[in-house]
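You will see two complexes here that share chain A, one where it goes with chain B and one where it goes with chain C.
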Partner chain A sequence: MTRICFRYLALALVRWSGVLISLVLLVEFSFCVVGGSNRHVWGFDVYQSIPLELSVQPISWWELIAERSGATLLALAIAYGGALLFGYAWGILAGRFRRFRAASIFSLPFSLFSCVPGFWFVVLVAIHSYVVWKRPGFANELVVESGPNLLAWWNAAVVALPAMAVATAWQLRSVAGAIENEASRPFVKGLYLTGYSEDAIFYNNILQRALPGIVSLLDRTLPLVLGSFIFLEWAFHYDGVGSLLVESVRLGFYPGIVVSGMWMATLATAVTMGRQVVAKLLQPVQ
Partner chain B sequence: MLWLRALFFASPLAMVLGAVWLFDRVTELQLSDDSEALIYAIEEPIGYLNPLVPQTGITREVTDLLFEPLLVRDDDLNLRPNLIDSWTSRTLITIRCASEEAAGEAESKLRSGEYLDEDMVVLDVTREENVLMIVLDGFDSTLETRLVGNFDPENLGDYRLIRLKVTNSVRNSLEAFLSASVEKSQIAMLEYEDDRTANMFVRGDIDLFLRELNLYYESNASLDPRIEEVGEISHTSYREMLMTLRSDVNWHDGTRFTVDDLIFSYNELTRPNSPFGFAGSFWFVEELKKVDPYRLRIACGDTPATMMESWEKLPVIPKHLMSGGIENADWIEFFRKPIGNGPYRIERRRRDGGIELAANEMYFRGPPLQSEVIYRQIGSLESVLLALRADRIDAIVPDMRFTDWSERNPGVMRELRCLPRYQHFVAWNLDRPPLDQRGVRIAMAQAVDLDVVRRDTATGFQTPTTSLFFPGMPYVGDPMQLPTHDPRSADRDLEESGFAMDETKGVRVSEDGVPLKFTLTINEESEEHLRMAEALTEQWASIGVTVVVEPMSWSRILTEKLVTRDFDAVMLEWEIPFERDRLATWHSTSIGAGGGNFCGLRNQVVDETLEQLRYEEDLDAVKVLTGRLNGGIGGLQPCFFVCDSGRVLSLRRDGIEVVRPVKNGEPVVQPIGVGKAGLQNVRPWWVRKRIVQPSEENSPPDQP
Partner chain C sequence: MANRRTSKLEKWAVHALARLWEIRNVLFLAVPYFFLLSWLFLGSSSIDSRPAEIFSVPESPVWAEPDSIHWFGTTGSGVDLFQLTRLAMGTSVAVAVVCSFFGISTAMLVVALFAFDSSEHRFRPIFVFSRAGFLLPAMAVLVIFAGGSGGSLPFAMLGIIVVTGFYLAPMIANWFEEGGKGPEVLAGFGLGLSWQDMLVGRVLPKVLRRLVGMFAQLVPVIILLEMALSFMGFTGDRLGVGAMIAYGQQSIIEAPWLAVCPGILASVVVAALSLLGAMVSKVTRSGLLPRHF
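Then we have the complex of A and B:
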């Protein structure tokens, strides 16, 4: 167990370092080679105070990262959590009713929603907010100063919803696909012929055998969600890590680019490592 | 395990239900809290609300709503009581009579009015043995000599007055001297004016006494003694002002505003090494003494006519929050969310950089009718426009995009131009060539077409400078005549000043071949000054003058350039004050350390005008003097005046009106405007139009 953990940790570190090197090279190439800047990403002087464009109040680095991380993690919990919840629950259900093409039916609303361009969704939210609240509804419009911060949840949900729709459709189809793949094996037919009930075949055999494959899908939607947050947060004026990355790129603010990029890379690498460890443990011993 | 499967498959529905519930709850928010608030869209976060330092823009506006001045200007710009309810000036004259009988006779003649001129109003007369103490109303400098002149000379005592001044504790040192003095019998009367001054009335041969006194104090040089033989005199006088504060003023935390706050603010702002620079405005004050919580006695060393203008400038801060071991960090924290005594108090600072203000229910003139004001930063123009259409914004600090939109959609907004309160100018260093020559300075002014330099922006406008004084002040006479744009005259003046054009290089050079060149220092944080400097440099270059623009931070300009006067030319901006006393800015005694005459102007006519302006009481004479000063400065050109500037606001058309409280009467509703005294006079009384209803009209606060 410990050996497995260390092995995957080492692998994760290699991945993480690869991302870091790529990011540094990308920044250097973009700003110094192409942009002609004489400030380098490794220069100490670039890691000074935070520009006013990123925070209207005087704020430390740690406060900025904590504030932005908190906002993104909340949206991520909704988007990624929702994708896993819908994807696994309804994906398994779709696998159970595979003969009725349940996977296509269940994923249809999510697929349709994910086809709606983000722009139109933004417009719809704005129109709804204007009609109902008599005010624009972008995420940075109101600050709740006391009581439960429902607005923060609402703002996070607005940002998370498009990402969640895409990820859910993908997750649902992948889970259902993994189960259908397992269900197409010859032993399933044999079990039918020997008189087992459909429920018993599905839950006691197909699902159990498909479990490692299903678990291996756990981290597949995370990069998608994180990637979509980069433009969704910026489009919705949502102060998270994704918008920090875009604003930093616009400002040519290297620390913001590196911190937000590596924040996402760390999260994705950690989840992948966790998935690999769990999948390895679930694999039947040969 | 069917139930477990059902639960698992139905679990996503819980998320859907949660989302529906969240949607429902958030819909209920609907900004119900600020539906009645006056909402102000701002461009930049509101800074520290510190009335002790110069401020501009919205930060200044909010500070004015939080802090109440000691005195205010009415709509005709006349000074009116505010926190200071009333003030009287008195001259206290002590007359030593020849004898007790002579004093009695003089007292009876005083009481019968025999010794009094028509303009003399006696407030009190007391007698103690042969000493008469008379309190006269007013500060006329001739009062004492006229009154004593009216006395029967036989009734007056024949004393010689010796005045002793030391740095402190005069009583202790003098008593120590007297305990050992052999000539002290010469002293007929002794009077201590204050902690530093003693008046000794002596009789007979005083040479020995003076020698003894001098010897004693020479050995106590640390007291910095000054012994003055005033001469034969039987009276002393003392001028004081009695100030009464309103007794119904509270700080926002409920603490009563008293004389202690005023004395604390005065001491803190005028102490030596105070960073706030108010000491120069109170040069005439010798001492402040608390009489009771609402009355203050001010001993005056001099009695200029502009005394109350100085008090008008003094901001007051709460002593109970600021005194006793307060560190700099505490001051900074205090001014982030200050406790003031104005018509509005801070409800909270918003996370978007704005601020929420609530009407001060304890405000002494009655709370403003507008109960809540919200200054908020709104992210985008689109958001502003949507909020505007939903009647959720009443005032806007516009940007260029909004101004463009406003011009394309006439009828929605109304532009409000505040008074041009800020003056922009280039201060020349008159001690450095070539700008020490008046001809060169005039040429520099004639070379510039200011119509090209001035411009209006979304947030401000610029107008030609016409006076050194606040626009519309009743005491202002003739305007300032500045050189007009005339490049030919500029060329001629430069030729006459010895700078000929070197056609090959396109620059002017002196007879010694030195090019006409100077450095213009500007504040690098001021975009407008950067732009102005560029425009001026271009025009000066066209007459062959080379100007090197040197941008630097304001703190460096202050410490490295202005204080040391180490500059050729520096572009500055100041707020035009209400006061007429400009001695600290233009008088030759104000050159150098601590002085405000950065240009180094030395001119006898200007000096005399400034001195007269400080003491003149008659309004017509003051008008002549202000006109003369305007003319003097305009002609001498110690500065090149670029423009005056003011703020521009955008208000929802017919969205706001001014509802002024009136003593014992219905509030007066007025259309929105700026008035002669500027925005700060009407801003506290802005009310969203739709909430003015007869049933809500306020009870009768009073009006300055």
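Then we have the complex of A and C:
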């Protein structure tokens, strides 16, 4: 177990380093080679204090990252957690009722919602809040100073919902697809002919055999959710890591770009590593 | 019954009918595509398409709420918002079609660099490189590239093409690997054919057929990407649904329809193209797109 963890940790570190190098090169290429800027990503002068556009009060790097991370992690917990919960539960159910095209039916509401531009949805929520509820709409317009901060949950849920819909639609169909793939194997027909009940075949055979394939889908939607947060947070004026990236790009503030990009990559690397360890442990011993 | 020889014309007609029957699904799907794209592209092109000009609010704005004449209402300068949205959607669809085509071509080109290698692990570099690359969200790459390069539509398109190519290459490489394990390929090996012969004659036609489904699925995804970039202001001062919604936010109290209505048409067009894409994908058996966008 420890050996497996260390092996995948080393692999994750190599990948993480590769992403870091790629990101630095991307920033340098975009801003200096194509954009014509004379400030290079490796120059010491670019790593100055945090601009006022990113934080109204003077704030340290650590405080800024902690504040932004907290906000994004809350939204991520709702979006990614919801996608995994609905995607896996409904995907397995869709696999169980595969004869009735359940995967298409279950994923339909999520697929339809994912056709709605996410940034437009969050703007709609803000407009509805202004016009109907007569209260501030965007996330940065009201700060709760005392009592339970339910508003933070509301704001995180608004940002999370469009990302969750896209991720759930994909997760659900992929899980159902993996199960259907397993169910189309000849042993299933053999079990039917032997007289096994449909439930026994599905839960004791198909699902168990499809488990490694299903687990391998665990981390697939995370980059998508994090990528969606970039424009959703910015559209809803939600102070998270995604909006930090957009604001940093607009200001040409390289440290902000690298930090927010690597924050996302670190999270994706950690989840991928966890998925690889779990998949390895679930693999039958040869 | 008399032994009658069929004329050339009759033979040709029967053959043509048989071919048409074979591609009936494609024809059935081509009709809605034709109508949808015609409707989008045949919109009025005489409208001023500079969003900064259109959405500037004069001292005495003449905007009208949505009614039976102006379905989506008008802007502060009196321009019909429905026609404007239709024009913007036409641009988005055109951008998406171009980006999808060149993105898939880039992916095919990358895969082709490795496909003719006869070793078993021919696509290993693509898979290794993509596993690390997938850790950074595609949207982050696009925002950095489009924003850093000055925020213009050509650079945004270039970014989308490169990112699309990068993310689709492993999927196409997988199709080549699947095709290389088919029974007809194994039989070809038994007959002494080389991998190159097999690739061109048996594997490539199957892959090319599936690319159509990939293209159809990719178009609505890229429309959403382009709209998001346009919303963030990374596609220059051009008319786009994203830019329209962003400009509409400035008059959120006085004229909320400026931000609300463009999104309705955008959602309908994206939903229609997604539905058609799913149907084309089902016919061509392309499978789900990788969810990295």
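We adopt the following convention: the second predicted complex is superposed on the first by the 278 of 286 C-alpha atoms of A that agree within 3 Å, B and C clash if a C-alpha of one lies under 4 Å from a C-alpha of the other, contacts with A are read in each partner's own complex, and residues count from 1 in each chain.
Rule of thumb we're sticking to: a residue touches a chain if its C-beta (ideal position, glycine included) is under 8 Å from a C-beta of that chain, and two chains touch if they have at least 3 such contacts.
What you see is a predicted model, and the numbers here were worked out from it, not measured in a lab.
> By the touch definition at the top of the document, which applies to A:R173: first (chain B), second (chain C), both, or neither?
second
> For A:R39, is the partner it touches chain B (first), chain C (second), both, or none of the two (neither)?
neither
> What is the contact status of A:I257 with respect to chain B (first) and chain C (second): first, second, both, or neither?
second
> Look at the residues of chain A and decide whether chain B or chain C touches more of them.
Of chain B and chain C, the partner in contact with more residues of chain A is C.
> Touch test for A:F231: chain B only (first), chain C only (second), both, or neither?
After superposing on A, A:F231 lies in contact with chain C but is clear of chain B.
> I'd like to know which partner A:K189 touches here: chain B for first, chain C for second, both or neither.
The answer is neither, since A:K189 touches no partner chain.
> Looking at the overlay, what does A:F31 touch: chain B (first), chain C (second), both, or neither?
second
> Common interface residues of chain A with chain B and chain C?
126, 130
> Would you pull the chain A residues touching chain C in the complex into a rising list?
Listed in rising order, the residues are 14-16, 18-19, 22-23, 26-27, 29-31, 34-37, 111-112, 115-121, 123-124, 126-127, 130-131, 137, 166-167, 170, 173-174, 177, 220-221, 223-224, 226-228, 230-231, 234-235, 245-246, 249-250, 252, 257, 260-261, 264-265, 268-269, 272.
> For chain C, which residues count as touching chain A in their complex?
131-141, 143-145, 147-150, 155, 220, 224, 227-228, 231-233, 241-242, 245, 249, 252-253, 256, 259-260, 262-263, 266-267, 270-271, 274, 288, 290-293
> Write out the stretch or stretches of chain B touching chain A in their complex.
Its residues touching chain A are 5, 8-9, 11-12, 15, 19, 22-23, 25-27, 29-31, 45, 348, 350-353, 377-380, 382-383, 386-387, 390-392.
> Can you list the chain A residues touching chain B in their complex?
56-57, 82, 85-86, 89-90, 92-93, 126, 130, 132-136, 138, 140-145, 150-151, 153-154, 157, 203, 237
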